[in-house]
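Common to both upcoming complexes is chain A, partnered first by chain B, then by chain C.
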Partner chain A sequence: MGITAETARYLASRLVTSIIIVFGAMLLLFTLSALVPGDPAVTLLGPQATPELAAHFIREMGLDQPLHIRLWRFFSNVLTGNLGQDVLSGRYVTGMVGAVLPSTIILTFMAIFLAVLFGVPLGCFAATHRGSFFDHVLAILSVTFIAIPSFVVAIFLLLVFAIWLDWLPVLGTSGTGSFADEAKRMILPTIALAIGWIGFIARLVRSSMLEILGENHIRTMRAYGLPERLIVYKYALKNACIPIIAILGLGIGRLLGGAVLVEIVFSRPGLGRLVYDAIAARNYPVLQGSVLVVVLLFVVTNLLVDLSYSAIDPRIRRRAEREGMPK
Partner chain B sequence: MSLKINRRDILAGTAAFGLAGLASAPERGLAQDAPRRNIAVRVERDPEVIDPIERKGPHDGNICRVVFQNLVRNKPNSAELDNDAAEEIKQTSPTMVDFKLKPGQMFTDGFGEMSAEDVKFSFERIGIAKEGAKPSTYRGDWTNLERVEVTGQYTGRIVLSKPNAALFQIAIGDISGAIVSKKAVEARGGEFSAKPVGSGPFVLASLERQRGAVLKASPTYKGPKPAFDEIAVRFIPDNKATELALRSGELDFAVVPPPTAEALKGAAGVTISPQPGLQYIWLGLNVEKGPLADLRVRQAIRLGLDVDQMLLAGYNGVVPRLNALIPAPILGNWKDAPLYKRNVEEARKLLKESGQSNIKLKLLVLNQPAFQNMALVARALLQEIGITVEVDARDGGTFWTAGKGDAGKDIEMYMTVFNGKLDPNFLTQWFVTSQIGNWNWQRFANPTFDMLVNEAAGELDPVKRAALIIAAQKEMDKSAAFVWLTNNAALVAHRSWLKPASIPGWLDWQYANFAAGSA
Partner chain C sequence: MRLIPGWHGRIEMTLSPLMQIENLSVDAATERGTAHLLHHVSLDIARGRILGVVGESGSGKSTLASCLLRLLPSNVTRVEGRLIFDGVDLMTLDADAMNAYRGRRIAMIFQDPMTALNPLFTIGTHLIDVLRRRDSGIDRELALATAEAMLTTVGVPDARLRLGAYPHQLSGGMRQRVMIAMALLVEPDLLLADEPTTALDATIEAQIVQLFDELRQRFSGSIVFISHHLGLVAELCDDLCVMYGGTVVETGPVADVVADPRHPYTKALLACEIDPDGDGKLLSIRGDVPDPVNEGGQCVFAPRCGHVIAGCVSNEPPLQAIGEVRRAACIRAHEILP
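Presenting the complex of A and B:
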């Protein structure tokens, strides 16, 4: 099946929207950078910042230029694959982001995978056992998981599994390059990040499933004598997945840049920490380059999520055919 | 053949996995608590620039200290200097130092033998700014450097334009005096800071963003072999993670804040050794601003504060009190500096004499628990003498800019911390008149002080130099623009079998002198 004209049109419109989002986000970042108090040269250099050296740094960072010139230069460089240069270490931001990006992507997708693995069955179970003792317990657990901040979970997990039981390491990375060691060090950060999402997905699946299970076509299936397990897990769950996928898209985008607290507690490298450190140090070239990557990942993830709807739901596919969206 | 997994299989597998984990647990704990050939240390900032010219702080500098050699360097745990790459080094006149290198000292990665040309290149690239090039952040360490002359393959002469009393301690013997390979810097360019080439006891095996660095013992180093084959310098920003990693045995050494040290008390296999610090922390008063322009108001504030109470709130009382700028191990320590005790009556009397009433002041501090706690105590104490204080806590980004340029005129009171070095002129340099609008946030302008500090910088006789520095501190005291608080304390947490080493102050760690054996 090739790309139809409607699909191409839809993709082009989404691409334009994405470019506008990326440009808008960067414009906002540049504007805020100009408004935030604090001299980056002084913050980066400390007491050694002589006026002469500070002026040199400001010039190198391009902060002596008007906002529109800085924005123009930034995007001109981005188009050639250059995200800028950290004026203090002399390293290219592309390399700095590239060094931490795999760590962030792995942690994010592992956490989301774990959240789906546990959240969906728990949500289904709660929906099919509505009002039961287990439903109430799961409701309390889910809300608790959602309410506890991930860094609190992280410290709790460390105390239990790394200190009391001594099963798993404290530090989220070893730098040894050993796959087995790195995998072991992934377990606690993944759980810390996933636990809130498990609760969230469980609640979402439950409410979505309850709505679907009350619909006419489900009643008809029951009337035809289809096994309950088939009705729940094949037909109802597929429909209930639509809102979950939308939430997962947002979740992945959010975790790519927002896992900073878990990264700090487990001393794991990550994009969130890169952004956080750059803000604290007013290191604008690093901040601009890394935020652009976060925004791009967010936009791409959500585009993929949108495109996946039609693959799952035939109703959306048919509407897409009518309105010129991709099939 | 088909693979069938049922619910019981999954449960059985999970149980087996858990049991296997339980069974292996004690082994890991024991293995970590015996002396090893490799250790892991914690740094609070990400090591990034392993090049003396643009190192970003002690976390980078301490790696430089073992990757490169100096002509002279500090003996273990001492302020005293000893020959390192130099076979001989001698100050032949107040402005000249002659040196001779030990032959056969090899740079790593095949960059050949160290020569006097490398020494010249290393010192001049930091100390002498080239036309149009970015000046080194550390150019001030090489104050008065005119040139380095190469007189032979291994011999050379350092020539100054004026005498510099801190030359050995701050430049030649410290990181700004680290000797890099000229060929390697020219060949590697911008990559040198991540792939440094030195001749020291360790080589930088890896440097990864947000993970840290790994140092491996250098096979070509000619000096005494270090006790460890490998040192992992781990970047761990979070204090709780540091505490847990020390407990679990994943980390062997860290300098921790008081709450972490308190939490680690009694932890198996971990020793906490409090060591005198070399930072200096004080409360400064802007002598130009409103009521603070009156000496009697500043004196009243000094008498209204209770430094011991403030330190108790900020540092759990584990840090010693500071009474003047220069602490005890450094030349020019003013032993008889006045110890101001809280005297509410006298403070009120001074305020009355000044004719000032209903004074409202802003106290600017870093948004760190120690500073915020001390600020709250100061506010309560000054309230009693009739001064209302508003605490303005800011993050580092905005705090460190507050005193710059004309913005500094608006500062009233502030509390800050500077890192020190073992030289009195390093500590006094921020308070001269020319630093107003830069780092002299008190806006303390005293020509006598400036003259004394300038004279001390060129005075090579230690006794005379100490007298000059003490006289300079007396000028500071007279101004009542400074309420000295503490030098902080370094709470050194380490595995009980590890004996860490540092130049006094515990900012400048000596990885090459870390040893196995109780501290």
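Presenting the complex of A and C:
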């Protein structure tokens, strides 16, 4: 599908919204850091810090400057890719986040991939065999796995497969960089993160599939004797995909949250560990930088979700146009 | 425009009917009990003729049409009777054998063109898949050309362009033309049209009716044209079937039935076609259509009929012959004057 003027306008409008969201998040983060009660030096360095050290720290961090100067500096830093410095080690937060980000992104996307790969066919099968034994079993399993938090699943998997059965390694990473070894170590964390989502997507596909299969256009296809496979997997599935994409877009935040916990359980380096350690050490700039990156990830994914929507559903392209997007 | 009016009729009537519906009954489960959607329906669909099926909304017309394709809602609990299509009883076929009739020998056009097409697929995709169903080896270019030609035939302008359009980009009337093109691509022996104009406004309705009228010349199959508008059916059709409360109350050649209705319900419907004070508002029949969840055992129209006698409420009136080609389900059919 080529990019028409209509699509380009829609794209531009979504881009503008995304930028506004990121700016809003930055403003919020800045305000929070400015509002931290008490002496920021004491909060960040702890009560044991000497007055000299505190004064030095305040100057270093620019905390003695008026608010508007600090705001300006924060924004211009972030826009040039500088997320600030680690209070303790002095390392740049951008570099720290950049080093661990791929690991988290790979884990999250592997989990989404697995969830879609298994969830969609399972949901389709349950919808076309409604009320069957399989449908009931899937319903029970899905609800169970949706309800159990991913870190609990992670601990359970760790116990069973890594400790009792000793089939897979305990640690989520080896640090050796060997692809085969890293891949093997990713199996358990990915399953732990994905399993609830497999169930969730299966439930979602099942219910939206059942709704779509009752619609008039499906009746038309049936009346023309088209093969059931074509009706379900070509015509109905495309309709059923729309809510799934929407949920994935919204769920990416929860999924990242889950990834953080799973990373901690498996001692995998990633955003999770970084945030966890930053909280434990009250390392505010690292926390701030990580959160900003998560917001950015969230916004980018949602942008992708919206774009794939409009690629799937021609009516959305038109709606975007009707709502008078900036031209 | 036919050169010889009624020409189809005289020759074809000597042949056996394309479809014979015998004693068809359909029940469905509802919260309130068993609904009798169709009740002992018997009807012949003659070859090469247009059969108009009329009746108020809720008379069971759509149920009858879907029953002919054996595509019934999931809460249907009982289907009885025979559906003899060209010598084969469709009721005895298994799922695959029945599916072979759909979209090959029988095609259907639905009431609401706004929802009958999948919003996420182009008109071309729909039409090509329907064509492929007939001939799986058909090459894409040929299929597109065939679809384009058929769209042009049914009066869709810029047909090539429209093949790439999505349903929401077409008006209701255009979509209904697409549905008609889809049905004709199949070259069916039987074309079922369930209120194809009801969802459209009056001028578009007239154009679609005109299109059906023109179709008679190029289409050799039979058409079942369902409508709640007797005047329209009288204009377009050869034969008439009047339905009420899930039963057939009167059948016969349309001109005869309209000139001399034998069932009080047909008469009441005819009276509704007259616009007494010319304000565009038609009369409607007093009372409501019967609830399909009922005991039976009497004439379905009795509660609204002005000619009721004791026999009307003690038994169900059978569909009895009136002359050679007409039938009416009224015990007073011979005495009621037009």
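As a convention for this text, the second predicted complex is superposed on the first by the 272 of 327 C-alpha atoms of A that agree within 3 Å, B and C clash if a C-alpha of one lies under 4 Å from a C-alpha of the other, contacts with A are read in each partner's own complex, and residues count from 1 in each chain.
The definition used in the following text is that contacts are C-beta pairs under 8 Å (C-beta built on N, C-alpha and C of every residue); 3 or more make two chains touch, one makes a residue touch a chain.
In this text, all values refer to a predicted model and were calculated from it rather than measured experimentally.
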Partner chain in contact with A:Leu165 - chain B first, chain C second, else both or neither: first
First, second, both or neither for A:Tyr235, with chain B first and chain C second: second
Touching partner for A:Arg91 - first (chain B), second (chain C), both, neither: first
Chain B versus chain C as contact partner of A:Leu274, first or second or both or neither: first
Winner by number of chain A residues touched, once chain B and chain C are compared: B
First (chain B), second (chain C), both or neither touched by A:Asp313: second
First, second, both or neither for A:Gly225, with chain B first and chain C second: second
Partner chain in contact with A:Ile106 - chain B first, chain C second, else both or neither: neither
Touching partner for A:Asn216 - first (chain B), second (chain C), both, neither: second
First, second, both or neither for A:Ala139, with chain B first and chain C second: neither
Chain C contact footprint on chain A (complex, rising order): 215-227, 230, 235, 238-239, 312-315, 318
Chain C to chain A touching residues, read off their complex: 69, 71, 99-104, 107-108, 110, 112, 115-121, 129-130, 133, 166, 168-169, 179, 182, 186
Touch list for chain A against partner chain B, complex: 36-40, 42-43, 45-53, 56, 60, 88-91, 96, 99-100, 155, 158-159, 162-163, 165-167, 169-171, 173, 175, 264-270, 273-274, 277, 279-282
Chain B residues touching chain A - in the complex, by the definition given at the top: 21-22, 25-26, 28-29, 46, 48-49, 54, 56-57, 134-135, 137-140, 190, 193-194, 206, 208-212, 214, 232, 234-238, 240-241, 244-245, 247-248, 250-251, 395-398, 400-401, 404, 418-419, 430, 438-439
